[in-house]
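Let me give you the structure first, and then I'll get to my questions.
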Amino acid sequence: MFLKNCWYVAAWDHELIDGRMLARTILEEAVLLYKSESGKVVALRDRCCHRGVPLHLGRREGDCVRCMYHGLKFDPTGKCIQIPGQEVVPAKLGVKSYPVIEKDHLVWIWMGDPAQANPDDIIDFPYLRDPQWKGVPDYMHYAANWLLIVDNLSDFAHLAFVHTKTLGGSEEYAYKTKPVAIERLPRGFRVERWHMDAPPPPFHRKVLPAAEKDRHVDRRNIGHMHIPGTFFLETLFSPAGTGAEKGNREGSREYRNCQFMTPETRRTTHFFWTYLNNYEGEDHNISRSLHQSLIEGFLEDKHLIEAQQVVIDSDPAFELQAIASDAALSHFRRIFAELVAQEQALAATQQAAVPVAVRKPHQVGMA
Amino acid sequence: MFLKNCWYVAAWDHELIDGRMLARTILEEAVLLYKSESGKVVALRDRCCHRGVPLHLGRREGDCVRCMYHGLKFDPTGKCIQIPGQEVVPAKLGVKSYPVIEKDHLVWIWMGDPAQANPDDIIDFPYLRDPQWKGVPDYMHYAANWLLIVDNLSDFAHLAFVHTKTLGGSEEYAYKTKPVAIERLPRGFRVERWHMDAPPPPFHRKVLPAAEKDRHVDRRNIGHMHIPGTFFLETLFSPAGTGAEKGNREGSREYRNCQFMTPETRRTTHFFWTYLNNYEGEDHNISRSLHQSLIEGFLEDKHLIEAQQVVIDSDPAFELQAIASDAALSHFRRIFAELVAQEQALAATQQAAVPVAVRKPHQVGMA
Amino acid sequence: MFLKNCWYVAAWDHELIDGRMLARTILEEAVLLYKSESGKVVALRDRCCHRGVPLHLGRREGDCVRCMYHGLKFDPTGKCIQIPGQEVVPAKLGVKSYPVIEKDHLVWIWMGDPAQANPDDIIDFPYLRDPQWKGVPDYMHYAANWLLIVDNLSDFAHLAFVHTKTLGGSEEYAYKTKPVAIERLPRGFRVERWHMDAPPPPFHRKVLPAAEKDRHVDRRNIGHMHIPGTFFLETLFSPAGTGAEKGNREGSREYRNCQFMTPETRRTTHFFWTYLNNYEGEDHNISRSLHQSLIEGFLEDKHLIEAQQVVIDSDPAFELQAIASDAALSHFRRIFAELVAQEQALAATQQAAVPVAVRKPHQVGMA
């Protein structure tokens, strides 16, 4: 059901300031995240091995955490290092820890086999660390399986019906336009679309100077979707007819839409996102306006996506019917299913070969 | 569990005015109801065949409905007739439609095999269309299986204990009176009861002129219960001792209680009702007072009936014990169980004979 | 799962004053409790045998209860003694009754085989009836299995981490102190602990005269835990160094903590308690202050215990790991599991030997 051997976004770095103990369920496991005194992010199973009390109700002590029921203390690897009133701590006593990487303001976590966790597998998107690109990092909770959000982001067809007044899209245009071709990748897809000589969409028009609000634009979108739930959309607006498609970028404005979906449960999703622009300079109101516009657009989707989840839950036998514009999502679901099947087959083989596993505390801080 | 091949009330006609898209779950299926531009009521599975978004979140276009996620358009038979950005619409693509009939302000729906839907099977109750009979059509939602409401309506025995201060009934009378005989019908029962020379019950007393409030009345009730959940109660009040039982109707006042139970789920029920009188003329306050009195009475029942459902859910092995006054409900539950068994046996035979069914759009508007 | 053949606290006697019909679920059975006109407490299955309506919605009539749906009347043994409109009442018709005993302000109920119910098995704690000992009897509802509360009461180790500011306990002391030895009993355990020459804990300090607030005390605790969920804690505070441990009680103050856990369901618990003192005389503010302090302390525990239940529900495969201070709870859980296994083995034997049981009304009022 879940792909475990891959990196998921667990938090924005600002969620862990001031020693906050962050409890977050990921792939149906309760995880505690905190930044240790020495500055590394620690991720532990949020459950004391003694009586099951959540560790996020405990107390951070330096790099460690103490359960505040009976005082057991755990180091960043999850190893129990103190039991009040007991001299010897059994060597194996402890809680599961997870590999975590802090990179470009995001905290990534690896929920599967730690031996396979390679930080180089985290998709690099340099705009996230480039100070020229500005935005407001945010979080939204979805009462829906993450794949329904991937579906939503995988087609441009819904823009005309869902987002006409926010992110833009025209029904007239939708009726006469064919779905854009996609480029199938081993772990995702890439799609590129030009939309020439149209009025600026509402979210963009709002932040334009008065003189430009009614000028047509040429718009280019390049979308990337990557397993397990990373979506980047690079958007360019240029004055219509100035040759943007031939490389002339004069007068253009660009955006970078970064979205990260992490399954909380099979029916709920953590959705981390930011919408970057490269031209606001010190005018934070542009970021703020774009941020608000995107939230409006997301809520239009969220309403439909959560309704889909209710429909699917009420009749698990329901079979979705594909249409032509589903090429991207169909490809994505197919390769994702293959990866899950491979991972589960491998896990079954390993389980057959090995005696019942004892808990193994794992090293963290691989970066 | 449910009887599918029969007509159920899906809505009052006033619930569909002004193009309203009404989402209503019936027999655990989500149904969309709307009145098409040409004036016929349409009932479709409330689920786009593409990605499962509820169609009631869509937009009515003439006689059709458009899903507002990716713009698929469906005609009143459920057939998909447009996919934006795609020239060819697969012939089989569509959603299930249901036979519906609008009659005497009620919208009836057939949830089973459309080939068996015969409008003549709808029970006729002419008072519902006779302008001389007036009332306030209303709806109540029950958190209980519909058969528990049938049970309630099937005996007069509970009046004395539940409705003493509203619909009337006296404990003293209950202790010395035997249950009235019922007439068993193939799809229901009929019961007739005379209650002579008693004070008018509270709901009736309220609407009487001052001079009549303390005069005794002879009261005749004729109840009809029909599968799957139609109950009519014809009530006559005459001045006591004036020979109403021999046919003298002088000075009498009459009521027609119309109740329709439609299973929403196995644990919840749609309850449509109206309480008609034939004497108010233009004095709407009589209708309004009776309407309020009936709601008071229904709430007395609802409290007990929903408590029964909680008890039954908490212990499915609990076996109800019958008493003498249960003749009507026992008969009704027996014939209902037989009809369900017959229907399911037939369906099993058909399924064995036929290859796995493909979706067949059905004609609507049989009236 | 539950031990049925034992006495549970069902209510405080003050919960049944003025004829109140108390509905309370015990071991997942809905029970009605009321005090009959002749003064004995009656406990019946809270479900009319006719149509399942809860009897607590009915009406007490003398020693009996009448269901207010169709008027069936039940005597204190659960036997149906009247059906309105029906001359003969079937001899076997009735509802289950339970042995109950009212003793020292508590109502005890026996949920298992009535033939085995022996009032002498109720643990005697004379302080509950001694007018010199004063307190405020109270009730708390836990969203947790009762054994998690037993665990909590079974160790002193958690005091230092959970209750530092309320019931007392010091981390410094916890790190250097070994768990106290316990005395294993066939149906529970006994533990005794002296804590010499320490400041009075916050709850006790609050009620001390100003002159004594800063004097050190010697503290003795004797705890008793008994199956199925009775906990008594006898506490003595004496001026430090005055020889309390050698029997000198001069200047001492004593408390008796009485707690009774009764499973509502496998995930929720009724918690009855009172905290008695023997020195307040007529100064009710001492009782009231102690009562408030105890609630503060209980809420500190409740927060953790209910979080444990959530953790356990989310992963039933989770295995708790024992530490040295768990000797008491481990012993208790082991003997409890043995008693349940014995009871279930016996029940299986009896079921195999006997035809399917018919309802047997049971005698109540064994005291």
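For clarity, chains are labelled A, B and C in written order, and residue numbers in each chain start from 1.
Keep this in mind: a contact is a pair of C-beta atoms (placed from the backbone, for glycine too) under 8 Å apart; a residue touches a chain by one contact, two chains touch by 3 or more.
What you are looking at is a predicted structure, and each value in this text was computed from that prediction instead of being measured.
Taking shared numbers over all numbers used, the chain A to chain B interface scores under half, which places it in the different class. Superposition on CA atoms relates chain A and chain C by a rotation of 120 degrees, given as a multiple of 5. Each chain gets one centre point, the mean of its Cα atoms, and the points for chain A and chain B are 48 Å apart.
Of all residues in chain C, none touches 2 or more other chains.
Of all the residues in chain A, the ones that touch chain B in their complex are 151, 155, 157-158, 160-162, 171, 174-175, 177-179, 303-304, 307-308, 311-312, 314, 318, 320-325.
Of all the residues in chain B, the ones that touch chain A in their complex are 28, 30, 47, 49-54, 57, 66-72, 83-86, 93.
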